[in-house]
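Order as written gives the chain letters A, B, C and D; numbering starts at 1 within each chain.
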Amino acid sequence: MYSPTVLDHFKNPRNVGEIAEADGVGEVGNPVCGDMINVYLKVKDDVIEDIKFKTFGCGAAIAVSSMLTELAKGKTLDEAMKITNKDVAEALEGLPKNKLHCSNLGADALHAAIKNYRDRQAQKAVPGEAEKVPHIPEKVDACYCPYCDMENKGQAEFCVSCGADLPHEH
Amino acid sequence: MYSPTVLDHFKNPRNVGEIAEADGVGEVGNPVCGDMINVYLKVKDDVIEDIKFKTFGCGAAIAVSSMLTELAKGKTLDEAMKITNKDVAEALEGLPKNKLHCSNLGADALHAAIKNYRDRQAQKAVPGEAEKVPHIPEKVDACYCPYCDMENKGQAEFCVSCGADLPHEH
Amino acid sequence: MDAVYFDNYAATPLHPRVKEAMHRIVDEVFGNPSSDHRFGQAAAEALDTARKQTANLINAEPEEIVFTSGGTESVNHAIKGVAFSQREKGRHIITTNIEHKSVLNCLRTLRLLDYHITSLDVDEYGLVDPAAVEKAITDQTVLITIQLANNEIGTLQPIADIAKIARHKKVVFHTDAVAAAGIIPIDVKALDVDLLSLAANQFNGPNGVGALYVKRGTPIWPLLEGGVQENRKRAGTENVVGIVGLGVAAEMAWLESHERLEKFRTLRRKLIDGLNARIPHLKFNGHPTQVLPHLVSVSVEFIEGEGLMLLLDEEGICVATRSACASGSLRASHVLIGTGMDFALAQGTLLITLGRDNTEAEVDRLLEVMPRVVQTLRDMSPIYQKNVAA
Amino acid sequence: MDAVYFDNYAATPLHPRVKEAMHRIVDEVFGNPSSDHRFGQAAAEALDTARKQTANLINAEPEEIVFTSGGTESVNHAIKGVAFSQREKGRHIITTNIEHKSVLNCLRTLRLLDYHITSLDVDEYGLVDPAAVEKAITDQTVLITIQLANNEIGTLQPIADIAKIARHKKVVFHTDAVAAAGIIPIDVKALDVDLLSLAANQFNGPNGVGALYVKRGTPIWPLLEGGVQENRKRAGTENVVGIVGLGVAAEMAWLESHERLEKFRTLRRKLIDGLNARIPHLKFNGHPTQVLPHLVSVSVEFIEGEGLMLLLDEEGICVATRSACASGSLRASHVLIGTGMDFALAQGTLLITLGRDNTEAEVDRLLEVMPRVVQTLRDMSPIYQKNVAA
């Protein structure tokens, strides 16, 4: 079900761990499935010198975290802010349809860490405290069933056309 | 699906044919499935001396006709009048559930032939004309579904409890 | 002498390659395709292959194939799935008088649940008129279900024409292609249908396995609800052994299509001409040209079909009958009656269906035996002499 | 080293006798059981045998067994069949919060069709209170559906007590015994249930084959409508290969019942004690004594189950997980949440199910490997150190 690249990054995750005196920390959590990705940054001259992660989540979430850190390492902060969830999923050579949302947490955590770093620089944030972002998916998913493409009203629990569960809370 | 006795009587039917100058003829037909059994009698001293049949119907109907003529041959008319459909089915060592109604035509045709003979004796019937009986099954079958034993209203086309076709027209 | 099998409509002998594939799965693959470990993934891969093979047979996309437990489930899923999904839009369904029982009985049930059914007449060949379909459509119509080929007389309906009307009127269209798929070429994109039912046992695959083609975007509820199998359209752990058999059968039907059709046409011609030459008072049913190539439906006057079938079986020849007596339902075939046939004649109808394994010699054998057994039964029939004398 | 299979709940390796029987049918029997000729009758006889074997497993009469395409179809048939059949009498159905998805989703659909559902709470072990069932019954209640054993935590419900209440109140009672049948002894006469669902792949039979026990006289519509197969309760040409597999699997489950139970109890004890001794912060789920003998549900704190399952697979050990991430549905297990477990802990739940082929050495292997992979994932988890330190 997972691509070889996903499996590789899951089984041999790169950059696992915490950075003791991190310059920026982002924590993104999904309140529905409980998954959580923490990203720790060491920044020098606006370049990500070191990056580490800790993740509570499925194989895809771990692989996404690992790939994300690989993509971000060595990049300038501005470049890193441009890394999207799609970039990560593509670098992993695809994720199963029902795991695409897992990749959403990855880039969000990176961006949160960068924001946290910048906030600290601007003294808007206290060093040692992480930027915490609850990850709530956009509502747009709810309206069109991803399985049969039919429209559904508001917060429908399942698709009225095909009966599929609608994962919009995730 | 058929017992060996049914198969034997179907494949080697006894007493097939007509009796040219029959003393009594019974014709029973089922208006729904189109099946027809004709029974021809030669009677001497109130005893069935010879009996023949012609049948348009399924394997069970042919076997029933054959067994019926075997059971009736040599019996007095009174004895033969007592032969029931159940006797025939039992002599055949059983019929499949959905074929039980086929045996109903058998004894009816025999009884019709005897009645025809007696009517002719009493000059209530013209020699050469058969006693014709349309075979309509009793209504009682309609009320209880034979498959799930639940009650159904009047002429229900199928059982409202189990959805089975109700064979009450047969 | 080996028995001769001419009942390929009821079930077909498994293709040697189908047997091989099923044996392999029985021996090697027991996992649940939903399991993410190696045992599950082996089963999932087997399903993937079968899905591609099945899709290819009818020119569908693999994601549009939903595996089912056979033609009946496919039909029930299509009809009830659309009816329930669309119930707020409307409750009118259009069909014909000569559909398979699985269609009829679904609609009968829906009638009890406040749906309204229009069942269209067919002509003496069993053809439905697309104009009549168009006329029957109302703004309440949510589904049209019309078979591609009739399973008793072989007549092929003008499905592409009907599909065009349905598409134009935005009504979902299901075609029951169980009797046709794997026999004649089918292209769901060219036909432009929304739903199409098929079953493996019609083309040298196993019994009790089928598929429903569901065009992407078709509003349909699952019939079997539960897990997220089959792209969420059909729950339940999959019958992997059977589905693999369906897949290989589909592939072989595709690969051998030309030679099979060639054989069917030759044997069928020989059969019809031969029977006609040898037995008086026969009627051949179905459309003269728009008809399945492997099926001969013949009504034998003055006798009843079950007896004929049993006597042929006795001689080692297996055919099917459409007589009410044998069907377990004890009513005459609604298809034959639907084409205007009278009851007694319908009772004497045999269905002879050819398969890829049949030979000319087997047809010769039938032609030799059948006149004899027909005569035996006619001699027993109270209506034969009367009518033939007249 | 061979892979170790501890996911016998998802599917079980086929019993050698089951393989044998399925191979024979693939090679020799292709006929349609409804055909009256020799090919059909061979198939019909194979079904007859399987029906007796399956009936015997649960002490039913053969005529009370309806073959289906698996647990999901059995459950859908039971629930929708009774609901539709009884819709004039009433539209209230009682169930519990921890039923299988096949039950839940049927009821969800029925809700849309104007049925009213009462779903009962369970305690921390997953047990439902028969008194709560009795209290929930109204004069509109037409069906109670409660599982015999839970498939995620193994808890056995007091089915006989609930059946007695249902019988007394004249409400039809269905029990989903998919997780239990073929594992523990079941006697439908002693339980006095009206309907019971089972599936072959739980006891060394093939995937996608099951049965519904229908007590004679139970009002139920067919789910698959069409022909007159299965005593008119389930239309469609039968999956003969699969059904024969179910039959033999049922017979073997019956014959080997004692030795299997013995083995399950020993290995399960060893597994629980061993894990407890080796890994801190575990929670074992389900009732301590009223529980399936072959199932261990264990929640591993601070980590998520899918990763654990994949790493174990990497080491050649196959287990299942109840984490939302892996289920394809992306919600936490409603069963674990139903017993009051918190979300994060539910995410780390493994399901280890034993089968007749497992050995002590295999359990030892799991006990050796699991502590290591758990630690790897805990080291990766942002919540591990925080919590363990605290």
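Throughout what follows, a contact is a pair of C-beta atoms (placed from the backbone, for glycine too) under 8 Å apart; a residue touches a chain by one contact, two chains touch by 3 or more.
In this text the structure is predicted, and so the values were computed from the model without any measurement.
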Centre to centre, using CA atoms, which chain is the farthest one from chain C? A
Distance from the CA centroid of chain C to that of chain D, rounded to the nearest Å? 34
I'd like the Å distance between the centres of chain A and chain D, where a centre is the mean of that chain's Cα atoms. 36
Centroid from C-alpha atoms only, then distance chain A to chain C, rounded to Å. What do you get? 51
Overlap residues in chain B, where contacts from two or more other chains coincide: 160, 163, 165
Multi-chain contact residues (two or more partners), chain C: 36, 105, 108-109, 112, 221-222, 225, 228, 306, 310, 326, 328-329
All pairs of touching chains, please: list them by chain label. A-C, A-D, B-C, B-D, C-D
Note which residues of chain D are touching chain B in the complex, please. 36, 41, 44, 85, 216-222, 225, 228, 231-233
Taking the complex as given, what residues does chain C use to touch chain B? 105, 108-109, 112, 302-304, 306-307, 310-311, 314, 323-326, 328-332, 343-344, 347, 379-383
Applying the document's contact rule, which stretches of chain B touch chain C when the two form their complex? 7, 10-11, 13, 16, 27, 32-38, 54-62, 98-99, 101-102, 158, 160, 163, 165, 167, 170
Chain A contacts chain C in the complex at 1, 147-150, 160-165
Quick check: in the complex, which residue numbers of chain C touch chain D? 3, 5, 7, 10-14, 19, 22-23, 26-27, 30-40, 43, 68-73, 75-76, 84, 100-106, 108-109, 112-113, 199, 201, 206-209, 221-228, 235-243, 245, 306, 309-310, 312-313, 318-320, 326-329
